[in-house]
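One structure coming up, written as structure tokens, with questions to follow.
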Amino acid sequence: MEGFGVHTSMWTMSWDRAGCEKAVAKAASYNMDFLEIALLDPPSVDAEHSRKTLEAHNMRSVCSLGLPQEVWASHNPDGAVDFLKVALDKCAAMGCEALSGVVYGGIGERSGKPPSQQELDNVADALTRAAAYARNLGLLFGIEPVNRYETHLLNTGWQAVDMIERIGADNMFVHLDTYHMNIEEKGIGQGIIDAREHLKYIHLSESDRGTPGAGTIAWDEIFTTLRAIGFKGGLAMESFIDMPPEMAFGLSVWRPVASGEAEVMENGLPFLRNKARQYGLI
Amino acid sequence: MEGFGVHTSMWTMSWDRAGCEKAVAKAASYNMDFLEIALLDPPSVDAEHSRKTLEAHNMRSVCSLGLPQEVWASHNPDGAVDFLKVALDKCAAMGCEALSGVVYGGIGERSGKPPSQQELDNVADALTRAAAYARNLGLLFGIEPVNRYETHLLNTGWQAVDMIERIGADNMFVHLDTYHMNIEEKGIGQGIIDAREHLKYIHLSESDRGTPGAGTIAWDEIFTTLRAIGFKGGLAMESFIDMPPEMAFGLSVWRPVASGEAEVMENGLPFLRNKARQYGLI
Amino acid sequence: MEGFGVHTSMWTMSWDRAGCEKAVAKAASYNMDFLEIALLDPPSVDAEHSRKTLEAHNMRSVCSLGLPQEVWASHNPDGAVDFLKVALDKCAAMGCEALSGVVYGGIGERSGKPPSQQELDNVADALTRAAAYARNLGLLFGIEPVNRYETHLLNTGWQAVDMIERIGADNMFVHLDTYHMNIEEKGIGQGIIDAREHLKYIHLSESDRGTPGAGTIAWDEIFTTLRAIGFKGGLAMESFIDMPPEMAFGLSVWRPVASGEAEVMENGLPFLRNKARQYGLI
Amino acid sequence: MEGFGVHTSMWTMSWDRAGCEKAVAKAASYNMDFLEIALLDPPSVDAEHSRKTLEAHNMRSVCSLGLPQEVWASHNPDGAVDFLKVALDKCAAMGCEALSGVVYGGIGERSGKPPSQQELDNVADALTRAAAYARNLGLLFGIEPVNRYETHLLNTGWQAVDMIERIGADNMFVHLDTYHMNIEEKGIGQGIIDAREHLKYIHLSESDRGTPGAGTIAWDEIFTTLRAIGFKGGLAMESFIDMPPEMAFGLSVWRPVASGEAEVMENGLPFLRNKARQYGLI
């Protein structure tokens, strides 16, 4: 995983044949190094078609997901592992390099209390087994801390490192996201400093999830810290525009956060790429 | 409303006699110009005791609240008005200058969809009546937009202005909060620019709700914009430490966001006051 | 003066026929609203040619200059006025809207001591006469405070306002420059706040005078303050690349501050224009 | 060299007995880890008195200087070496840990052209000899790049590294200064990234050389980068207030940049120390 990529949210939230073909062609047209595929419904994926489509455009890929409520690892580790195995099998069949995201729970999971020892034990148990399964498939396996409203389990880079070091699997990595870091970290570079060698992937997402460069994120602070720790992983632009209603609910996006695809791709993408180049990251 | 104050969350979330006495004495010891009282349970307040305690320390005050779910204005405008009238009566009896906050709904209210016309009509209806009631009591009445996870109704300064201009009550004002602005606004000064003459109160709260100056908020950007619009209202420091569990749940604070009261008061308070003085706001 | 323009330094430092034709055509090709002409040697200008060239491209213009040492206003106010009259006559003949810049002295003028009362009196005297002459020609007349190394006379927005209010000429205005503000102001918005209604022109120049967006300037802080004061004047991008040696000396630019014209125009210009649009300034 | 210190400019620019006694006592009263002594006139120093005074307060020290014009290394490398040897002898006799600063030239040295090969060869020659002399005395020897107006020789972290790597002396180090970085670097963390393991000392100086925290410096960006590269060196607060006229000239400080010592020590010092602690640097 390295280079500059983009999340499929720019073009589709349905990884069916049509969505795949559109997103891969679009990503290629912007000279993306890789595509991050939102793997919302793993069993439905035509992996062979995805693989061929990606190969036809010479496009590398990473998958990401959140777990459905019935298989949140904090309460149903076995169910989580079963779900993740299917997802990992699909990743491997598609030729992806990694599975990452909120692989330990759901976007919106909150017990109302700080994470309990039992919840964290269950998460560690599920991730241990899923990571081993991923390793056998030659896949990297990442965990993404998200903000306090999206989970009560892992909110900071430090908490993700703590979980990974507890598990001890060498194919696991920390996946940060600037949108969440902006809410949770004590200084937006702190999560990067804490994750350091564990950090292999980062979502570049604006403070309102709109057009990068047009919000409150301190981008120079992020890029200088990435450069200073010697970051070598993947940089993935993420913006949530034109979401289907159920996705908008999950993400709590109640209004358009950008005027449309053009604004993100014509303003936000060059902004981020120029910064990444300035700091020698691509 | 003007000067530099602090939210009672620093010292108590229970506005009973003991909480009142502690918070007022503490606020006075830090030379606060006013105290913002979290009016979570208006009927229980001993307003006469509060008034005397505040007067004894020559401490001005503002009250803030969110509505209980059964009286969210979007679905029960009559219930909201009844609740707000009690709160406003208590404010007046305590000698407060204003009632503000999420007076239109609950912290955590989300329908899963963008606000509907009916919801906004109901909110406007309730606020119109409550504002008129407040005016008769000589009180200002504010509305605070909060982030997308805390409500789907009003997230930005612009949306708050739109609601106020629709209602047209001259005792209504916009109450911003830097914590929410950091997530919602396109540039952290944007909400201030949009609210402009309607802006009479602002929560100075760090990006993680911890110690001001130790997070990701661009404080100079906020203060320069406040100065540039000619802001004359109240600046209220807000931090959520040592919350009781039910409050922590409402705010989704799952870990200590500061080491304790001392860190906020000894580091955060001087930081904010120095900035406010630098920009001529106090 | 309004809209978004560019300094001729991008394309020429010689305002002869060839330099004029090149710069005007280039500015038009980037859809600039106006061109800022470096009027280094006023008597040599073929004003009629300039006027026709500007009109042919429908390009508005502003002139700027610094005084030669022998006519620094602090020591030779009569000489300064004579020099400025020639420059103003040329401005009028070219159809320019204003003359601005370090019209009170030289770039590099430093006595080694704080400005003396006599120096400031001489400056005020010269500017009073030049402003009156400009008004008769229908021209605006601006003064640009620059950093401590380039002059000891006027370094901040506040000092420029003070001089203008002393003179009391209604065609005078403050001309700020983000490069200098970054060194001199207490918070980069401070000079804008201090200049407020006097501010009618601002150089958008990066901290190293290279590509805008690739240095240390806090651009959002600048734009939010401009918007908040209701700025209506001209925004002029300025970068000093490929300078002739004597200009490089004057500006103390010892190394290339950008890779070339393309970097500034393809990266820096869209960055600034996007920001100006985001804040509703163009 | 490690910990948090302060430049003697806060209290004296004359390192005579009285100045020494005052500055050391003041530094100790603020619990400084070390004092940076401005060694403007090395031969005049009573090293034995300085050593005893420093020891009496258990105060570590570093010396810094710029060369007089007649011994600028670019044109008089032998003279520079002779001057530096005296200074190094004094440093050793005082018990200092290092000599640093603009040891290669003068504050204000500018030829009007980019540095010539001969100038850089002369500088390298002088520094090679001085570094060897320092090593024999057990002293570290640093070079501080300063802004374009103060020298044309070394303006960026990268240029300082280049010089050090050319010389190859293991007791040499890069000494950065945030005030200069704010003008010269492409992103204020860039010089830190470039200097990396060579960086052992940094001046924490505000953009106008006034009160730290009250200017345009992006402090979080600096501290996150320092932490991310694993910085272990000395952090020295520097502010230039109440300068004698000849020093004010050298530094081009024409107006008070802070209201006085109290503002810097009561506002600026806690600001910097809190940031340094937040990022785990002290």
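Side notes on the structure shown:
Chains here go by letter, A, B, C and D, matching the order in which they are written, and residues are numbered from 1 within each.
Basically, contacts are C-beta pairs under 8 Å (C-beta built on N, C-alpha and C of every residue); 3 or more make two chains touch, one makes a residue touch a chain.
It should be emphasised that the depicted structure is a prediction, and the values quoted were computed from it without experimental measurement.
A count of contacting C-beta pairs for A-D and for B-D identifies A-D as the more extensively joined pair.
Interface residue usage between chain A and chain C, two copies of one sequence, is largely shared: over half of the residue numbers at the contact are used by both copies.
Distance between chain A and chain B, defined via averaged C-alpha coordinates, is recorded as 34 Å. Centre-to-centre separation of chain B and chain D, using mean CA positions: 46 Å. Centre-to-centre separation between chain A and chain D, using Cα means, comes to 44 Å. The multi-chain contact residues of chain A, meaning those touching 2 or more other chains, are 186-188, 214, 218, 278.
If touching chains are joined by edges, the resulting network of the protein chains shown connects every chain directly with every other.
Touching chain C in their complex are the following residues of chain D: 110, 112-115, 147-149, 152, 155, 181-188, 207-208, 210, 214-216, 218, 245, 248-249, 252-255.
By the touch criterion given at the top, residues 186-190, 192-193, 218, 220-221, 223-225, 227-229, 278-279 of chain B touch chain C in their complex. Across the complex, chain B is touched by residues 213-214, 267, 270-271, 274, 278 of chain D.
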